[in-house]
């Protein structure tokens, strides 16, 4: 069975380590915050200028001046700091964020990512995504393995305008966890009940399949 | 001895000198920390052919979106311009030019502009459409592109508290782009919620020192919320 | 759940990992806001062949000056190195290499290093010995030189108060180079006068967010005054 | 009579305007603060990170953590702000300081200045001087017109390593106030009792002498 959005988030959350500073993109990445493993503390960085994002506010504490990068009203956690956009991207560009999780339209075997523009449709803009992928060493891309029409999103080469070049090493899809090495996708884990054959079929880019591909486990 | 009394008492005075064709830098992220009333004043003035540098362009009918209604904006420099139907329409009709700039690069371009740095290298955008026509150079085996800085004729800023010297503090995440914008305008206008007595702001915790600020005005703000999200229970 | 408890309890722990030949970035301006005890620890450790980046090199017998006594410093990157006889002696004897860097360029190199900017253009130093061997480029009719950024293996910083998350505030002009230094070290160690409870520091007024800080230690400080000037009467 | 150090400072202080942000170098420039004209308020910027420098402290208020760029203990004036060295030089490099006053060994007809190094003697470093001269539009150099041995310090071309190239437009010496225009010194004012002939004699660089050269006046 393909993973649900929540399960994708749960699998990504297994990559968190105690003391990590983490930037979570909009959509499935945001859900990762709900599955931080027990015994682990992470701090969420929001690129509009908040390190230490807390939960959503209540009717009593809601404040138009306290939002996250998704423009949602939030709170500040204990130990938070608030700063300018320049300082925020100094952290991001300077490689100080330990893990960045974001969605994508396509990734390819060279670690390229396309996530911000579909020519012919309106361009909404890249926001902070280009800075995030250029600045981070540790990025997890999460997306469905294939489009609704069955077209692979894991490609030999991205077809859409890039967000970043050669910067992606880890991908979690609804079918698998893969790493990108030496111009190939390497299949590391498969979703429970999903066959290696299905993954092979839905991966357009060069795929290395080890002899044994474990199923993901969820606590 | 009025050199350090930067407080003005009308929005006309606050935006005096703004002319057609000028570049306006506007603080804010989404609708958070935007100079609402200074934008409204630009709408009232009817100034045209503006180049506006701001992370976003407001929404239909609020924030910078109101300057689209009478086509006062010729060009936008932003990182994200979604959530605005009128923007989309004018862009597709070729009535509006847009220069999409990665958010961190935009923030750094404004900081550099205010700090006398004409250009800097960044890895952001290398290998993407953003890099087109820009110099690429390797440092320590990684590729970077050269990005020029940004300055403007006017900077419009939303602060929380200011004193008559033009020292400003921002409230929560309404800080965002405002501090860099404040440094990069030939004329920098800050509207705030409260003007405090000289000495009331702790010198060590001023976000924008008065040296960057030309005019201060106190206003009232709607502070519209874009995504009202509440905790469950 | 100790990931965000960055407090260490000995200076040995604070400087663990420092090795011969490393680059150390040290905060402070003159003797103001210098990490006195972290410097003393380096002296105790006897680490050699260090490249030290700091605006000044202390004075004879205090601050970074103590690292000259056993010739632990191979190279200094500074803007001003006066007031230090031993420094002068080692420099003239060819035992010490010094790279003089304009103060503002030094501050910006460190900020850029921490912010992932590998190089930037500045007008500072154009036409002077500082520009030798550096690329010159014109922007808007003015000449600028390209300056590379600086990062280090260790950053040693003097703060006033910190919490266990590594959030730091500085006191008065003891801030100086410390915030940029804090961003530019692979390992950043901050010594402070007081460690406060989580939540005690106002999030909007933290000078150095904890993301830059690896270790925090509380110490006592001599705070020597270089030029004791008092008002007349 | 040649001007005293205090008179040089007084003459420079006449260039202050209400609301100016001013950076004063070490030595004679520091004295300018003592002669701010009545009815005028200026704010002093100290490049170690203080805007709004106040007077020296008392025994009660002296604080090792509050110094100026000359490493003297100072106080903060009302309306002061304190910030990092990077922010301080953003102000300076970005041209936000209205007036910079500094000393020099030499200036020349091209607006070059040499102030930080005498080869063969020890190099102490340029500190913030190179940033100050590169960042400011409005700089006043103050110095003695000639050395103790009578050698002019206003030259056709600086002989010492430069602090900045083509950046100086105004010079106040113990003998005269001069401006630098189109490769010449232009004699604007002379010290009371000092003859045009003495100034000509002690100016090595090309000097333009208008028909009428007024004496400086001091209130």
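Odds and ends about this structure:
Letters A, B, C and D name the chains as they come in the text, with residue numbers starting at 1 for each one.
Going forward, contacts are C-beta pairs under 8 Å (C-beta built on N, C-alpha and C of every residue); 3 or more make two chains touch, one makes a residue touch a chain.
Everything quoted here is computed from the prediction, not taken from an experiment.
Across the two candidate interfaces, A-C and C-D, the one carrying more C-beta contacts is C-D. One finds 55 Å separating the Cα centroids of subunit A and subunit D. If you average the CA atoms of subunit A and of subunit C, the two centres end up 35 Å from each other.
Subunit C has its Cα centroid 32 Å from the Cα centroid of subunit B. Centroids of subunit C and subunit D (each the mean of its C-alpha atoms) stand 29 Å apart. Residue positions of subunit B touching 2 or more other chains, listed in rising order: 108, 111, 115-117, 122-123, 171-172, 175, 204. Taken residue by residue, subunit A touches two or more other chains at 76, 82-83, 89, 92-93, 135, whereas all remaining positions touch fewer.
Chains touching one another form the pairs A-B, A-C, B-C, B-D, C-D.
For subunit C in complex with subunit A, the touching residues are 1-4, 111, 113-117, 163-165, 167, 183, 198-199, 203-204, 206, 209-212. Residues of subunit D that touch subunit B in their complex: 17-21, 39-43, 45, 51-52, 76, 78-83, 87, 89-97, 135. Of all residues in subunit C, those touching subunit D in their complex are 29-33, 55, 78-82, 88, 91-92, 98, 100, 102-108, 110-111, 122-130, 143, 171-180, 207, 223-232.
Within the complex, the subunit D residues that touch subunit C are 46-50, 55-59, 62-74, 76, 82-86, 88-89, 92-93, 112, 117, 122-131, 134-135, 161-166. Residues of subunit B touching subunit C in their complex: 108, 112, 115-123, 137, 139-140, 142, 144, 148, 169-172, 175, 202, 204-205.
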